[in-house]
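Order of writing sets the labels: A, B and C. Residues in every chain begin at 1.
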Amino acid sequence: MAEIHLKTLAHSYSANPQSDTEYAIREMDHVWDQGGAYALLGPSGCGKSTLLNIISGLLSPSEGEVLFDGQRVNELSPAERNIAQVFQFPVIYDSMTVFDNLAFPLRNMKVRESKVQKKVLEIAEILELQDVLKNKAKNLTADEKQKVSMGRGLVRDDVSAILFDEPLTVIDPHLKWKLRRKLKQIHEQFNLTMVYVTHDQLEAATFADKIALMYGGQIVQFGTPRELFEKPNHTFVGYFIGSPGMNFIEVKRSESGVEFDGLKVSLDEGLQDFLEQIPSSNLKIGIRPEFVHVSVESITGSYECAVTHVEDLGTYKIVTLDLKGRSLKARLDEDQQVPEHKAYVSFPKQWLKLYVDEYLVEGDSE
Amino acid sequence: MNKQTKKKLGISAYIFFVLLPIYWLLNMSFKSNEEILGTLTLWPENFTFDNYAVIFTDPTWYMGYVNSMLYVTMNMVITLVVALPAAYAFSRYKFTGDKHLFFWLLTNRMAPPAVFLLPFFQLYSSVGLFDTHLAVALAHCLFSVPLAVWILEGFMSGVPREIDETAYIDGYSFHKFFIKIFLPMIGSGIGVTAFFSFMFSWVELLLARTLTSVEAKPIAAIMTRTVGATGIDWGVLSAAGVLTIIPGLLVIWFVRNHVAKGFALGRV
Amino acid sequence: MNKVENNKAWFLVLPVVLLVAFSAVVPLMTVVNYSVQDIFDVNTAYFVGAEWYREILQDPRLQDSLVRQFIFSFFVLLIEIPLGIAVALMMPTKGRGASLCLILLAIPLLIPLNVVGTIWQVFGRTDIGLFGWALTSIGIDYNYASNPIDAWFTVLLMDVWHWTSLVALLCYSGLRAIPDAYYQAASIDRASGWAIFRYIQLPKLQSVLVIGVLLRFMDSFMIYTEPFVLTGGGPGNSTTFLSQTLTQMAIGQFDVGPAAAFSLIYFLIVLLVSWLFFTTISHLDKAK
C-alpha cells in the first residue's frame, strides 16, 4: 500500500538545462494518497507521461525525490517498486495463452504453481476473462488485451499502485465506458492507488476522485472535478476544462473594479482591496459559459451584445455573442428562450473570477 | 562486467571478425608481390600504389568495372520499374489468378542460377543479345524481380487503403498520387529493394560470365586474368578485389538510414 | 486489408509477367525439352523419355554432392541463424554506433562472390594469409587445399563470414519494430533477460526469421562461386556441391540431356524443401 510523494521533483531530458523551457517537469511537490483514484489530465506534450514514467521508475528524475510511503525509491527499478503499469497500446505476450500471460509475473517471482492457479483464476473472474483463459492472447480484442495487461498487475499481492497511460486509446468507443466502470470497480475492491493519465476530461472526471491538471510541466491545479470546473485557479484550467472552455476578457483597473472598452465590471470589495495592492497589469476576468446570464430584455447590470452564432446540441445550445468586439460563449438550456440578433448578458458575481498573471485571485469574502 | 559492456565486447569481436579478412586484402593490395610472397607483414613495409596503377591504366581492366556498373544499374532500374506496379496490384487488388501468379513469381527466386546457364546462353545468343549489358541485366532480373515484388508488396500492404482513397478524393490522378504520395511513404522499402537488387546483380558471377565474352565482360570475370605464366599476381588481384568493395560501400551509405526499418522487409 | 476485386490489375502485373516469362519460361521449356531427348547435333535428336532422369538419379556424382549439399546447408543454418540473432541482440540500438555497425556488417554482403572466395583463399593460406599463418604458428596443422576437414571448415567459415550479416540485419530490423512499452511491461513484470528474449523478442522475430531461414537455405543450396574459387571443389570432390557438379556436366562435358534432367531435379528439391520450411514454420505457429 503506498502513498506516493513527489518531493521537489523536476526532470529535464537535457543534461544541463539552462532555462525553464528545457524542463519536461518543472519543480513540483505533490502527494498521491494511498488508495486514491487520481487522474493526471493535460494536453499532449504537457509532461504527464513523463511524470507517470518517473513514478513507475522507467525514468529517473534529474532532480528531487520520489517517495513511496516515505521511502526514497529513485534508485529502484520498476520491478522493485511494486507498481504495475498499463500502457496506451496493450502489451501482451503474443506467444502465450491468456492464462500464462496472467501467470507470468507470478512465475517470474517463483510463486508456487498451486497459488499461481488460484490467483490467476480469481483475477480472471473479476476481469471477466474466464472464458478466454485458454486462448492465445494474440487473438483477443483490444479491450480484452487491456484487461490482460491490467490483470498482470492485479495478480501480484505486492502491487500497491497501478498506473494507467491513456489505456483507452485503442478501445472502441462503446466499450470504453464498460472498461472504465471495471476500473472503478477494481479500485473499490482492491484499495489500490491508481493514477490515470489522459487528455480526455470526461474520462478523467468519470474515473477519478481527484484530478491533477498538468500544463507546461507543472500541475496547475489538483482537485475534484467540481473544483476544477467551478474554481479554475489558472486560466489554462478554465480553457481546458469544460466544453466550451471558460470565457476570458482582458481588463484594466478602474475605480470601482475593472473595465474593458468603457464597460465597467464591479468586483467584490475583498477583491477590489487586493487588486490595489498588486502592481501587475495582466488582468483578466473569466466566467464559464454555463454561468453567463443571457436575457432578451435589458436588466440592471447587463450589457448589450450581438448574437453571432447559435449551435444546437440537442439538450442545450451554445450561443456565441459579440460583446464590443470580444467573443463570448454562453450555454442555454433547451427551455430557455434564445435571443435573435440582440441579447443582454450579465455576469453573476459569485461566478465571475479574476485572474492576475493568469492565476486566480480570491477575495477575503470567500 | 555488466550487460552493456558484454554486448559491446561481443559486437566488437564480431565486427573485428568481419573486417579482418577485408583488411588483409587491403593490406596486400598495397604490397609488391615480392613482399606478399616474402615474410608475412601486418602492414605494407614498402607501401605502393603500383597494383592500382595497373588497373587504372589498362582499359581491359577498368572497363570491367564500367561493364559491371552498367548492367547492375540497368538491373536495378528494370527491377524497380516493373516491380513497383506489380507489387501495388498485389497489395491492393484481387484478380483472377493473383495468388498463383504471386507464388509462381517467388518460385523463380528458388531456381539455382546454374540451371539456367545453358538455356540462357542459347536464348540470348538466338535473339542477338549475347555479350550485351542488357542480357546480363535481364538474366539477373529473373532473380531480383521476384524478391523485389515480394518486399515491396509487404511495405505497400502496410500503407492503409484510406491514403489512396483520400488522394483520389483530393483530385490526384493515379500517376501523381503514386509518385508524389505513395512512393515516399514506402521509401525504406524502395531503398531495401534497391539494396537487394544491387546485392544480387553485383555479386553474381556465374551468369554474368557465361553471357558475356568481350564487350560486356564483368570485372569479376576479368579478375581471373591475374593467373599468368609466372603464377598468380596477388597484388593486382587484391587491388581489383578492393575496388569491387567500394560500390557496395556507396550503396550501403545511401540506404543506411533505411536499414533499421527496411530490413524487416515490411513483414513485422 | 480487404482488397478490391479488379481484373484491370492484370495490366499492372503484365510487365513482370512478360519479363519473367521471357527469362524463365522459355529457358525452362528448353531445359524440359533437353531432359527428354538425346541430342547428337542440331538436326539429330531422339526422344528418350525418362531415361536421363533414371540415369541421373543413380549417378553417384549427384548422390554424393546432394548429400554434401544438405550437410552444408544444415550447418549453414545451424550456425548462421543463432549467430545472426546474437549479433542483432548485441548491436547498439541508436546513435552513431548503430549506423556504424550497420554499415560495417553489410560490407560482406556486397562483395562479389568470387572476391569473397579470393579473400578467403588468400586469408587461409599458410604462407601469405594471416588466418592460415596464425593457425600454423600456434601449432595447428591446417591446410585447406589438402585436408578435406580443413577445406570444409574454411568453406563454412567463409559462408558464415559472408552471410551471417544478412540474418543479423533482418533480426536487427525486427527488434527495432518492438515498441519500448513491451520492455517496460516486462521489466515491471520482473521478467528475466532470458524471459524477455523468449517471450518478447523471439515471437516478434518470427516473421523475419522465416525469411532469413528461407533465403539462407536457398542461397546456400545454390552456392557455386565461393567454394569454386576457394577450393575448386577439392580436395578430391570433398567440397563439390550441386551447382558445381551440374556446371561440370553441362559445360565441361556437354552432357546436355543428363544435365537438363539434373537441373529440373535440383530445382524441384529447392522448391520442395523451401515449401516444407515455410509450411512447417507457419503451421507451428498456428498449432501453438
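Quick notes on this structure:
As a working rule, a residue touches a chain if its C-beta (ideal position, glycine included) is under 8 Å from a C-beta of that chain, and two chains touch if they have at least 3 such contacts.
Just so it is clear, the structure is predicted and the values come from calculations on it, not from any experiment.
In terms of the distance between Cα centroids, chain B is separated most widely from A. Of all chain pairs, the one linked by the largest number of contacting C-beta pairs is B-C.
Centre-to-centre spacing of chain A and chain C amounts to 57 Å, using the average Cα coordinate of each chain. Distance between chain B and chain C, defined via averaged C-alpha coordinates, is recorded as 16 Å. With touch defined as above, residues shared between interfaces to two or more other chains in chain C number as follows: 204.
Touching two or more other chains at once is no residue of chain A.
Those residues of chain C that touch chain B in the shared complex are 1-10, 12-13, 15-17, 19-20, 22-24, 26-28, 30-31, 34, 86-87, 89-92, 98-99, 101-116, 118-120, 122-123, 127-131, 133, 161, 165, 169-170, 172-174, 176-177, 193, 204, 207-208, 211, 218, 221-222, 224-225, 242-243, 246-247, 250-251, 256, 259-260, 263-264, 266-267, 270-271, 274. Looking at the complex, you find that chain C touches chain A at residues 179, 181-182, 184-185, 187-192, 195, 199-200, 202-204, 288.
Residue ranges of chain B in contact with chain C, taken from their complex: 3, 7-8, 10-11, 14-15, 17-22, 24-25, 28, 36-37, 40, 42, 78, 81-83, 85-86, 88-96, 98, 101, 105, 107-120, 122-123, 138-139, 141-142, 145-146, 149, 157, 160-161, 198-199, 202-206, 210, 219-220, 223-224, 234, 237-238, 241, 244-245, 247-249, 251-253, 256-257, 259-265, 267-268. On chain A, the positions that touch chain C within their shared complex are 56, 58, 77-79, 83-85, 87-89, 91, 93-96, 104-105, 108-109, 136, 149, 152-153.
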